[in-house]
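Below are two complexes that have chain A in common, paired first with chain B and then with chain C.
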Partner chain A sequence: MVMTDGYRFDAGFVFSHLGELGNGLLRTLAISAIGMAGALVVGVSLGALCALRVPVVRQLTRAYVEVFRNTPLLVQIFFLYFALPDAGVKLSAFTVGWLSLVLWGGAYNVENFRAGFEAVQPGYVEASRALGFPVLAAFRRVVLPLGWRIALPSVTNTQVSVFKNSSFMIAISYPELTETAINIVSVRFRVFEMFIAIGVVYLALVWLTSMGARSVERRFAIPGGL
Partner chain B sequence: MRARLGGLLAVVALVAAACGGSNGGSGDSGGSGTPVDVGTPLPANVKSKGRLAVGVKCDYPPFGYIDEGGKNAGFEIAIARKFASYAFGKESAVQLTCVTGANRVPFLTTNRIDLILATMNYTPERAQTIDFTTPYFSSGVKLLVPKDSPVASFADLAGKQVVTTNGSTASIWLSQCMKDVKQVPFGQTSEALTALKHDRGAAFAQDDTLLVDLAAKNTDLKVVGDSKAPSPWGMGVRKGDKAMLTWVDAALAKMQGEDFLWTEFQRAVKDKEVQAQFQQFLPRPGNALKYPTGSTIKC
Partner chain C sequence: MPAWAGPVTRYVAEGLLTTVTLAAVSVVVSVLLGTALGALLTLPSRPVRIVVRAHVEIWRGLPIIVTLFFIFFVLPVIGLGFGTFVAAAIGLCLWGSANVAEIVRGAVQSVPRGQADAAAALGFPWPGRMRHVIFPQAARRVLPPLVGLVVNLVQQTSLAAVIGLLDVLQASQRSIERLTLSSGETHAVPILGSVLAVFFVICLPLTILSRRLERRLH
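Up next, the complex of A and B:
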């Protein structure tokens, strides 16, 4: 095990830590799943309220988006974990983990969905209004079904980022996959094997996510385009 | 206020030491201009330069730091100046370079400094790149806890969450010796400290030297526990530089014989209680330190 010269690759090293890494992966999946789902809900709902130009809500949403898009995610995580307790709000690392992902991904998704909804040709909305649809029904039956299809590629981007950004939780010592791997590395110094292993895991999961998104895109594509 | 006074006293002490003779004692320690024979010749390359280049810490009080007057100060700085007085007869014949944990070994291997004297503990990995002198100090792992904490020893941590920093000796020791402790490891000391203050762990396990300083600055915290995972500190010389290693070891032995290290430690650390905690970890007449054999941590 003691090395006097060049680095010797030791694939068995990763296998000897599979248990810990598996637990880390489960935590990564847990906060990512909540984070992605939450970011989607926040994005669709606030994006819709923005596209519908609901007063006050629209300005507040704008402010939320600007704050979370224009500050580093790491700063947001630090704020939630290290600064809030001074204001009497102590969140666990797990809560900060999924909440920061929801807030960060939500801000991007608001913009993704707003852009998608606003890209729906005004003629469709005017036509539906002329046919007697109330504003909300016109949105729900015309703008939403068309808009989410337009927004899908950029939403996929954001969702993938939310998943990968779960690795930022190393900053608050939440033992997800990356934190687990770096902890093992800091004691055992097998840098190469460990980072290749977790890199492959992230790559595979993101690739699957992207594949899934693309098949959704194809499945719901409107023949002849929008 | 107390820290400022302490700093002032340290400055006064240094000035007094630099002026020479005033701390008396063995007589050969001042700045009289006469080199002291330590029993082995000073390496030729150092002798020809006329000064000793030493890499020291500038951010690690009380070992090596910059005092309020902007000068290097601390326990290790005093040792560096003592080397200069042995080598050249004057304590000022030393060139101090600020180094960090990450760059101190490269500084030595690229000949920018002749000696690392910068809170470096012995590891077998480091010993493959540089040569270690005999140890001159030894730190251990202790616990930092809130003043009102019921935790008084390592045994009290069983089943609890403990704040650590990634890859630290404390973290390694806990993961090997107290498997029922759940660690919450952070990248930086400041983050770990904040986490402790927010009660995210029952204690912050770390090197006692660092904790003593943190406790001095944070009066709501205290250091507890008997010292675990002792790790002796050594100075570093270039691999294979026998002449330098021999000279530094001889000079250190002389300092040990004069009880210089204990005297200077007391000068750097004012707190009597802290002095008493570390007394056994300083080489004194009749108390030599040894490096552990093998690389495994003993529980």
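Up next, the complex of A and C:
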């Protein structure tokens, strides 16, 4: 395949850099995995505290969610990496990588889970309270099992975004997949092959994640709906 | 205000103007193009749906950074070179319109089937059914997620800094570098803190609006 300026398509180029790209992919998967797991923990716990209307915690969580949802992730990453050292907190690129994803994804998941928990029919909670369940037990045994199922589709969206946004770490030169690809390309100008290759990898992983989530949804669906 | 702040503010404010322009262009084009694509997704024709679906899945699925690099570094290889602003706008519009298309499709399909059936029974042809019965009802459901997407799009404009557009983030980053060279102090906390504050002030009212619209639906 010949393009303008005599550019020749050479798929072998990507394969000759498979080792470096594999390492980049591993780093992408590492910060994404920590980011997704952390965002899930933050989302469920703070979402529960909000839905249970725990005073003070609820207002503080609100503030956290609004700040992180209404500012760009990229600027948050810049702040953590370039501004915090001035305040005496020096974090490595890897730490900023997963931490920024946890904080950002967590803020979205708090909203997702809170909305899910609050969408559980009040009648169920009232019935369990009338049967003598204490508040926490009613939450753990009634609201949680129903609420997470309601929240699942939007939580999946957030988790997929966390994975895709691991590519933002290029801004702090953390050598994940995209940064690795850019570095290779800047030395050996085979941009076409490289970007098609990493594009396919990202798309495949995004589709795999959403398909996995959909099968979880089906597996845990309550017969007859909620 | 300290002496360094004046020139930095002016420089960053110019960057902010670029950011706002980029956001405005991206929002308008994404909404128009996305609505058209979303309407195509509800067509009865299967080949049309498959082509549009593939387009939507690709640009929604790729990280925007990868899309931006693709447009900025790869397209020049086949003779399609763009400046940073146009490249960023194209990337954001591809992502934005794909998401708007999904929102529009979801809203149209959330209108109960009986509505279309009843309109058909009354003798409305397909275009009339869409225009007079389905779209007016779908429009109310489109609004809350659409405003949410606008917030997202405004925030994603900051990615243009990565391909070198002199937007609000790039301007503040260069200011920090310049201050570090000239005075040895970065002043990164107040500068980047202000950038966060600017985005917050723009996005929070829109987020609140989206939530209000959402609540009014129920």
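By our rule, the second predicted complex is superposed on the first by the 221 of 226 C-alpha atoms of A that agree within 3 Å, B and C clash if a C-alpha of one lies under 4 Å from a C-alpha of the other, contacts with A are read in each partner's own complex, and residues count from 1 in each chain.
By our rule, a residue touches a chain if its C-beta (ideal position, glycine included) is under 8 Å from a C-beta of that chain, and two chains touch if they have at least 3 such contacts.
Source: prediction; values computed, not measured.
**Q** Once the shared chain is lined up, is A:Lys90 touching chain B (first), chain C (second), both, or neither of them?
**A** first
**Q** Considering only touches as defined above, state whether A:Val191 meets chain B (first), chain C (second), both or neither.
**A** second
**Q** Quick check for you: in the superposed arrangement, does A:Lys164 touch first (chain B), second (chain C), both or neither?
**A** second
**Q** Is A:Met211 in contact with chain B, with chain C, with both, or with neither (first, second, both, neither)?
**A** In the superposition, A:Met211 contacts neither chain B nor chain C.
**Q** Counting only touches as set out at the top, which of chain B and chain C does A:Gly199 meet: first, second, both, neither?
**A** A:Gly199 contacts chain C only, not chain B.
**Q** Examine A:Ala63 and indicate which partner it touches, taking first as chain B and second as chain C; both and neither are also allowed.
**A** neither
**Q** Could you look at A:Ser173 and tell me whether it touches chain B, chain C, both or neither (first, second, both, neither)?
**A** Touch status of A:Ser173: first partner only.
**Q** Looking at chain A, which partner touches more of its residues: chain C or chain B?
**A** Of the two chains, more chain A residues are contacted by C.
**Q** Should A:Ile182 be classified as contacting the first partner (chain B), the second (chain C), both, or neither?
**A** both
**Q** Shared contact residues on chain A for chain B and chain C?
**A** Touching chain B and chain C on chain A: residues 4, 82, 85, 170-171, 182.
**Q** Residue numbers of chain C touching chain A in their complex, please.
**A** 57-58, 61-66, 69-70, 73-74, 77-79, 151, 155-159, 161-162, 169, 173, 176, 186-189, 191-193, 195-196, 199-200, 203-204, 207
**Q** Touching residues of chain A toward chain B in the complex: what are they?
**A** 2, 4, 82, 85, 90, 93, 170-173, 182-183, 186-187, 189
**Q** Tell me, which parts of chain B touch chain A in their complex?
**A** 124-125, 128, 166-167, 171-172, 175, 184-187, 191, 194-195, 198-200, 295
**Q** Which positions of chain A touch chain C when the two form their complex?
**A** Its residues touching chain C are 3-5, 7, 66-67, 69-76, 78-79, 82-83, 85-87, 164-165, 167-168, 170-171, 178, 182, 185, 191-192, 195, 198-199, 202-203, 206-207.
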